[in-house]
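Listed below are the structures to be examined.
In what comes next, subunit A is part of two complexes: it sits with subunit B in the first one and with subunit C in the second one.
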Partner chain A sequence: MSGIGSLLARKWLWSYLGAAAVFGIIAAVSQNSFFTLSASISFATFYILVGIGQMLVITTGPGNIDLSIPNTIAFSGSLAFALMNENNANIPYGLLGGLAAAAAIGAFNYGLIRFILMPPMIATLASSLIVRSLSIIYFRGMQIKPPAGLAWFVNYRLAGVVPIIFLFVLVLAAMMQLILARAQYGRYIHAIGQNIKAAWLCGVDVKRYKLITYTLSGVFAGVTGILLAAFTGGATMSMGDEYMLNSIAVVVMGGSSIAGGDSNVIGIIGSSVLLYLIVNLLNILGMEAGLRYIFTGVVIIGIIFLSGEKMRR
Partner chain B sequence: MAERLVETKGIGKNFGISPALVDVSLTLAPGECLGLVGHNGAGKSTLMNILTGIFPPSSGAFSLNGRLQDAGYNVRAANSRGVWAVFQELSLCLNLTVAENLRVFHPEFRGWGWRKRAGDAITAILDEIFPGHGIRPNQRVETLNLGRRQVVEIAKAFAAGDGLGLLILDEPTSALDYHTARQLIDHLNRIKGGSIGIIYISHILDEVLACTDRIVVMKDGRISGEVASRDATRDRLIELMGSKSASAGEARGGDRQSRDLSGRPLLISPRRPEEKGGLRLTLREGEVVGLAGLAGHGQTDLLIELFDWRRNPDYRIEGPLTFIPGDRQRDGNFPLWSIIKNLTILVYPRVRRYRIIDLSLERSVSGRWRDSIGIRAASLGDNILSLSGGNQQKVLFARCLESAAKAILMDDPTRGVDVGTKEIIYRLIREERDRGRSFVWYTTEMDELKHCDRVYVFRNGSMVAEIPGTEATEEAVLRSSF
Partner chain C sequence: MVRPLDSRKEGLARYTETLVPAISLLVVLLPIVYKQPNLISPDRYYATLTMTLAFGIPIVLASLGQMLAMSIGEIDFAMENLVSLVTCVMGAVMFKDPLLGTAFLIGILAVYMLIGAFIHLKKLPSIIITIGMSFIWTGLAITIQPTPGGSMPAAVNAAMRLRPPWIPYPIVLAVLLALIGHFLMFKTNFGILARGVGDNVKSIQQAGHSAIRVRIMVFGLVGLFGILSGVALGGLTTSADPLLAKNYTLLSVAAVVLGGGTFAGGKVSAVGAVFGALAMHLVVHLLVVLKISTDWQAGVKGFIILLALYIGGFFKRAGKIRYI
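After this line comes the complex of A and B, so read on.
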């Protein structure tokens, strides 16, 4: 009994229970449910990536958030593909360029926060607008297709079922989990998120670690942008739009504390899969878009309610 | 038969399987001031939490004014029945003004002009108890230093006026300077014999002796003795608390001999010769330097400046330094973390293999400190907040002493810590000093200055006197502070 109690106290568990429940419904109403699961996992990959970046930022304490993720996705994906120019040989340059741009956006975000003392919400939104304008200037109307090699990679499925990018992201997530729990960087950002003054008095270079964190969030968005553009057959300006709120949703549903200091990589994976399963379920049921959003919102509220995220401080 | 304001009968309280209180029976008459002393973890705070309705007892019963209190007794009920408490961890809302805070706890200030009335009420109380307090009612609490916040907290309880029946003061003076603490004690002595019953909890035994009629000593969740204040002595109380009187004797004697450290290398020295603004601090290897004077007169600010050693314009400093705060909740604890994680944050390079923290190494480092300084925890994996205040402070000491820093800055590190823990801390400081570690030690307790080689006295933000440790008596320090 107490075993079940302590299991239910694990906040990340609810997203997995939710995912299992939704999959059960899909299996009941659809013949090719495993195909649906496989497709959901492919798309969930991108939620996981941006979710981890967003989680790092949120972990550094109350008020910290990255709202520039959607436009970073679009810009770095577009830039990478422009550099690749549909040529396999240029893939390394494209990756490097796209990720460098994403990192620069992340660092710029923290620059605004630190030197102009803007609240993170406003700073990242402002830089997001700048990045969007740059996208409009340089990439508008361009048909930027992925090189064949990259397109093949992102669509490859092991045994025809398991998307290889999902495995790639799982490995990345495992690494991040290790870093967060067992490396100095991870411990420090948790310390900053729990008690910034105590962290400073422990000699933690708070500004440096926040800079690294915002930069990493940018890089995760950049990786997402490149993979997503390859997966969907081309970079577009609006391809990141749904990731602003969903990146936050998967963090909170996954059991990380919105007030910072407590992160949860495992939960992000579960809640990302759950969110996409819901989308697919509602598609299968033929629900119209407006209703889909309502239903998704209700599920997010329900999971957060069940996992008992309390407002602290 | 004497009137009974409070009577507890065989109260017990368990947290999980461990008993925090066992069979506690005590009484308090109106107008009486009862002292309650004992180590941290002796059960004093648990008992007060029951009396103030924060949680119910596991067994036993208690009555207020002869009326038995049942399961429905909670904080609101306690307040409405005249029970008010001032706790060590302050309950003020930082973003509200002094007057607004009064309204939070005393909703009778309502309707037009409540701010003015609440402000007048608190000012009247402050003027009466703490003349010269310098607090304005429209000041936001966050702009007040810790000592002044404590003063407001105390005044807030008195604002219940005639509705005040039982006043519980839990370490009310730990953040106060000598002068302000004296004002409170004088006030308590003035109101004694009236209608208010007072329970006064403090680790500063001289204060307890000075303002109470009767003293109850607790140990390991039980009442271990009761003495009339006029017959009590420090030694007798310490004996009842169960700490070895030998070590207490040693502490009182301190090691008041001057040590010649002039040949040792300087860790902190001024970049420029002294200015008219005040003295400049120096610190040699193996030296303990005390910072004294009234609370909040710039001691902490200096420590923070020194801690930011790379950017310090005034001092040449051999870094890195570490910092032991006195306000654990605000400056020390990481509240979501275990004891182990709180303890090792300064020493990751030492518990890592291939850049990854080795959990067993981390555990063994923490275990070593638990054994050597007696951190009383069921498991080192437990949350830091599961420890009593004194044990949390031990963790903060372990955190800093485990690091290789040559100099350690301490910001009133024994604030609200029990006598036994203090002895351990003094012993640690002596041992580390003899190994060549240096300390800059701000303390609000005169008694601790005798552990220092030299003492700087602060007044209005600067150091106005330097006194050799052998001459740092209460009188000498007070003479320089006023």
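After this line comes the complex of A and C, so read on.
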């Protein structure tokens, strides 16, 4: 294939075309559409972060999915802010503590999958109940305020338009793309996702790479938790709730294979912006929360239906 | 792995599937009986048992639905969303307009059968598709009943409050459901085919059976049991709530595994699933009886679900090759 044909064959392109189309509709129905776009990009940043973590897990093969992301977000965000105690000098300790907790949750998830032999979906869901309980016990479900320095950083916009965290996440995404395409870790998790038995027979240390993957998913959720909590003015118990299903949605919409073995970082950026633009459009059009849920579900199923993807079982 | 459809073991091992959940049920029941001696008192047992076990019935129904999905190696991730939605349909629609409400429920059944066809044709695991459906069910539930409330049809309320002589109603229902589930899975052609599809779909197809028909029927029944669970739950609470059946997905999966089912499919036990569901329900009840602080309840629940899955999985681990 060549020219336009090969360009359209790239699955990630569709999410960018979709984002452009939705932005066109927003421009038609609202006056300050560029403000909407800028705000959407800020929030899309968090979708990209959790999306990359979720994508790594999904890439390791059928059935692998991390449903503990929402509670990891809430717990690590709360822990980081509790350690920072609204003091700029404590920011490094807070970051370290929050991310270490997030990594531990990820590793614990894999421990359950590995030693109790349960499907990742069930293991991560059950462990997230425990994490939620810990959040309630330690942080009493209160809103914990961020230190001023961190709040300033996440709200800073270059030239008043481009959110700096968006650029930060773009750099992170570029790094992940490189790692997935070129580094040993990336090649191995693709191999595991495509044919776990073949990868294992070739000598890939499947357990080790899966442990790294689940830990990374936790870390990405932890970064999200800290940035999101700073962005929204404080860590709360329920701040991660919408990310469980949306993290899966952006991976699927971004052109990664839900069957694993085929990742796509570029697509996640496009689909995250698209998903948040859709949310904003539905808000502008005055749709109720219930309809937004239905719409998201229809989009997920519709994309799976249209993608024509078939999967080994 | 090829093995006979009904790989019966010899002696006591044959009953492990039913013994494990039964013993688990007893282990949970004993401390409850200790804390609530009325449960075995000759003149008060009836009311106390009815009260204690009543909310186990919707979990039993949801677990039987989950058992059907797991018999063919699938999982219904939208179970809690479906059950909650059905309480909303009963409370907000059925109460005012029985015809529309019935049409709604039939629509849900049709969607479930479509899911069965979809996962067959697209060769997709049900996890992803039912995650998508969970959005849609919750969205519908919030749309028709944004906050807890509504009123249940009188017939549903009455059906959940029958008072049979001597034996408390929830026990009668549980025994009936166990028998129906067992008959369905082990004494009908459908049950044999469903377990066959879960165990080795190629052999079923080569024997001339249609796997898509089996998957459509299985998911139709998953939907039916989910709907029955919602009706039962609505009748018990007499109100509708888009989040009423929280944790039902996990509880039902844990109940099936505790009852001897596997995630891989092909191997299920309806009697075990009913025991497992009651055990999971009573564990939650035990947390209340022991006055465990609500702060800890979610975590303890998660821990117990993990424990149940561990116990359930422990007895069928040997000889399994897994590259995890």
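Here is the rule we go by: the second predicted complex is superposed on the first by the 291 of 313 C-alpha atoms of A that agree within 3 Å, B and C clash if a C-alpha of one lies under 4 Å from a C-alpha of the other, contacts with A are read in each partner's own complex, and residues count from 1 in each chain.
The criterion applied here is as follows: contacts are C-beta pairs under 8 Å (C-beta built on N, C-alpha and C of every residue); 3 or more make two chains touch, one makes a residue touch a chain.
Computed from a predicted model, the values in this text were never measured in an experiment.
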Touching partner for A:291 - first (subunit B), second (subunit C), both, neither: second
Partner chain in contact with A:63 - subunit B first, subunit C second, else both or neither: second
Touching partner for A:190 - first (subunit B), second (subunit C), both, neither: first
Which superposed partner A:11 touches (first subunit B, second subunit C, both, neither): neither
Larger contact residue set on subunit A - subunit B or subunit C: C
Touching partner for A:261 - first (subunit B), second (subunit C), both, neither: first
Touched partner set for A:178, first subunit B, second subunit C, both or neither: first
Shared contact residues on subunit A - subunit B and subunit C: 197, 199
Residues of subunit A that touch subunit B when the two form their complex: 178, 182-184, 187, 190-191, 194-195, 197-199, 201-204, 257, 261-262
Of all residues in subunit A, those that touch subunit C in their complex: 62-63, 65, 112-114, 116-119, 121-123, 125-130, 132-134, 136-137, 196-197, 199-200, 206-207, 210, 245, 248, 252, 258, 288-298, 300-301, 304-305, 309-313
Of subunit B, residues touching subunit A in the complex: 307, 320, 322-323, 325, 330-337, 341, 345-346, 348, 352, 355-357, 359, 399
Subunit A-facing residues of subunit C, complex: 75, 77, 118, 122-125, 127-129, 131-136, 138-144, 146, 247, 249-250, 253, 263, 295-303, 305-306, 309-310, 313, 317, 320, 322-324
